[in-house]
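For reference, chains read A, B, C, D and E in written order, and residue numbers begin at 1 within each chain.
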């Protein structure tokens, strides 16, 4: 039996690259499962097929896509952006209900207390305290702000500046710019640097973030960076020399995790690019879904599958989960050990996030 | 004071880049009255062609730039033949929508996994040096942009105003049949105009991309801005496009300083709206 | 552009009634939410397209801030219901009124410009509207957008159900078409057509071009807001992306494909394009590689839009050349 | 020598010319009379290559003109001063005139001389030479249009209602100019409503009605033709 | 009465009209003649509010209309046609005339949306007025034909009908007979005379002297933007300044007739061109 899995994400337009990273993670998990002959549900062999629809990052398109997918009898749908997720959350509990696999670190998704949601990445607010501590102690107490102005970026920035002040630092004026429409970052950087900060908060999609780093270094900035989780070191490295990133804190590259070598190699071979947590977490998500189906003994009863994701997640082998998973919270949040790191002279020093061992 | 000069240089480079892109558009839009929303697409493809030549084939930068300009010039000519020529008698918005169709097409082709894919590409900079004085810094690439835009502007101005071929472009824009009657081969002129615009877009992209990123939708952001620019300057006016470009760049840069970087885009368009409210015909256009 | 059909008192009634009746039975024969969803989106965006049509098709002005007003109507409903606790049934007309007033204000300045400059001027305003919506966090929720808009209720009918909402959208669309048809046939509407045909001639006929333009701008933005309000409660989430130029151009596309200046065009175009887009979704990476050229072909081979094809088939005597481009008359852009 | 053979022109379903035959011998001024809509302009547009015929053709010294390629016609020596003038409104008068010599663009000295001749013919244009052509009065624009056609140094000049909207004095000047041009060896095909003035300088004439040539003959023959006298001369 | 005082307009460095003072006598036909570029059309554009003068003043019935927008000037009763025939070619003849009557109606957007009684009543009134205007120019038979499909001459009549439908007391016609043949010119002349006989004040610009001389009660001559002469046709056609600047050999109808006779004579005597 072939079971369809739904995906609605940006596959064209400015966020296409992001949407495709997510898609490739899900696809890789599916291909692996199918290559191994599928999973067994109630004695029946089950393989998967991914049905992807483009929503161009627009919530109303996500809603249309979700209705289309559910009308085809699909009961598991991946959505990788907060707007779309929040829009379709109410639909997930209505007739017909479906398992909404949410890839976004927006805490509001959890606040909705939606019983059909499974949120994959860590909430971003967990990163902040260790980041701030590290940077204040290394570079000093003055923070400049040039984050992206996406919803997500602004919320991140707010949490960072609150924490920075809490730990006794001062925060400069917000020079955030929209990383997806800005043609030239030098002006914003010049302005931020005019306040002589010790550390800059930056972050949006990896490559533009790297350009901000570049502009800052070229204008003589010597301090550190707090890099929001959307930007990935392994991708920024392709844009700027690693030395530019010296003194930055951010998400630890997937390749730095123990036991991920197999995944990284296979992914790189298959997609000719470096896997980031976009791919890795969704790969993990798809594996959790498959395991939960096996455990629940059904492929279409979304409520039953949702009931088993906790157990499925906890028992997932490390090779399938990439991160070490402790389980799923009551709100449907995957509790996984995503690490953060401080980059110095090409070496990543791991930082512990609160609540994690 | 230092911040002022630094911002001044930032704006100068940005304005140079804008004006390079805007010049090609102003030719086609102002002179041939075609609102070519595919111009941003040509700009984008130009960047990819240069990137491919540079990184896949190892062609030296300036040669790659030249080849890319020729390629895009030809592509633009093809576009004119296939899409705009048959629409030459249609009302304005028809070519505009067709151009948007072309833009979709170009973006989708480039973003196709078998072509370049949706990921960002990085165009290495040919000049790595840096000018630095008294706390102000300017990368070599930006110096190059400023100089190149100056040269292109002058060359284009000379071409249009001082050469017979230039005059034929203007003549044809104002009365296509009249131009045919005096013996101008209008389809050749149309091709030529598009060739120039495509080549300029590719040159602009090749020069500017090293300071930025190459991605399938890089043309969209540029599109809106350069349209604003050529209207600001007065459609069809070459000096207008240049002034418009620098005006927008300065407005964005210094607007960012005073209003907040986040509002730079708003400031740019606010300037557009303000200028047009005061001078509805744009800065450089005589009242008819 | 094809010759506009001779104005009648009302759209030659019965085909429209037939369409209305057929549309009304759709939810009775299908329980498929996806079909209803596509239909509802078609109806909402057709209303917006009608709003653009009164400007572009009748008055010959290309309003590129259209999605901005769609957004203002939507956000007005969002903000008034979520933050001020208003009922949707109050917030919706309020949003429409706000759009009309803002449309008037925009017109006061924008009508200093003409033709292409007007188009780009309004494009600039559209970008500013989007940016303001995007950046005014306290009011609009900024990039987060507004979430949790509830579907309205009336007399115990829950419009949260797709089927019920379908009828709400259908009613809105029918009302729009009815009003637009009336306007088209009216003295006011005919004066707009005159303005499109040549402003100077219209002026010499004693038409107050400026006030006519202002009125039609208000009608256009009000219809955009009308559609926007409906959109807000249908989708339940508002983000600034939907208010930007991309949406404006999409609506323009619907209009052009359907037939600018025709009564059936906006609906026809919205329907065809949205259904087309849904059906080529399966092409994945090829969808825009197909869609782009398809667009070009449509423009090339159906320059008067799909509704125009019909009109052309009926009256072959449409070979009359464009309106006077003589000395005193400037061409009205479109 | 220009020969039009069985030329037909159609606009969609409407036929504007039904197999027209006419000849312009070298050195002649031939006048084409006809009411509005008779098809005069359609004929002219076809002769200068702007309009493709639906049947028949026109040959000039053995070369076919009706290929839809105006630039070829100009190069062969057939230039038109069109109805509606078709000037370049934002370019200066002088640029308009110089563009008329586009096919001679390599011969700068010859063009200067030609330009001088045109300024002598229409002195007002010399004063207005730097003004945008579009800002001139209707009559002045007509002069620019004639001047522009002459700049091509044609061997056959096609003039489509050159007196339209001109002051009587200027009409005289224009016809004088046409005569002078003709005396310098240029054949002229002249469409006119102003039958009287036109026949005054013509060698031969044709009358068109509804897309057909209905009358043809020498000037005298037409001046004595009753139909012509009543319909076109108002006698 | 339409009067103007020291009227002038400048385009950049070009004084297109300057210091023109005078008035249009009601109820008669006034002709404006002058060389090409004399400023005749510009003068019309000033009277009708299309251009705002750079000097001087225009009054109509004692009211200052110098700065009024065109549509208000039309509302007061001054209508015009354009030198190049400008009509709505894709609309029917009737529809063109209906638009002309728009200035006499009040129905706006609300009336349209609500389908008010005023809208319906005014629509009927407009069509009646339009038909009346068509009748006056002799186009009632072609009311439902697309205007663009008519002959040049009929299109000229449509433009006049459009102007008449505005209910003017003064009608400004810019070269109504340009580009139409002698037979039709005679017919058009008759129409204009009938309009004037009906009490309308007509001002027309024309280059066709035969028409002017038979039609005009009064002639005003412009040259280089200035008024150089004014008076009855006989006076004007004898005025040396006018002959010098404009008329040349076409001074007066009798002169013209003589010329015509000469030509016919000479044609008969000439050896003749080639015979076909």
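Note that a residue touches a chain if its C-beta (ideal position, glycine included) is under 8 Å from a C-beta of that chain, and two chains touch if they have at least 3 such contacts.
Since this is a predicted model, take the numbers as computed values, not measurements.
Common neighbours of chain B and chain E under the contact rule above are C, D.
Between the interfaces B-D and C-E, more contacting C-beta pairs are found at C-E.
Averaging C-alpha coordinates per chain and comparing to chain D, the farthest chain turns out to be A. Averaged C-alpha coordinates give centres for chain D and chain E that are 28 Å from one another. Separating the centre of chain A from that of chain D, both taken as means of CA atoms, is a distance of 75 Å.
Mean C-alpha position of chain A lies 37 Å from that of chain C.
Among all residues of chain D, those that touch two or more other chains are 138. Annotation for chain C: residues 135, 285, 287-288, 327 touch two or more other chains. Shared interface positions of chain B, defined as residues touching 2 or more other chains, are 107-108, 111, 113, 262, 265. Of all residues in chain A, only 12-14, 16-17, 19-20, 146, 149, 173-178, 181-184, 186-188, 190-192, 194, 205-208, 211, 218-220, 238-239, 273 touch chain B in the complex they form. Within the complex formed with chain C, the residues of chain A that make contact are 11-12, 52-54, 57-60, 63-64, 67-68, 70-71, 82-83, 86-87, 90, 108, 149-155. Note for the complex: chain B touches chain D at residues 164, 167-168, 170-171, 174-175, 177-185, 288.
Partner chain B is touched in their complex by these residues of chain C: 1, 56, 62, 109, 112-114, 116-117, 120-121, 123-125, 127-128, 131-132, 135, 245, 249, 252-253, 256, 260, 285-289, 291-296, 299-300, 303, 333-334. Considering their complex, residues 48-50, 70-71, 74-75, 79-80, 82, 85-91, 95, 98-103, 105, 134, 148-149, 151-152 of chain D touch chain B.
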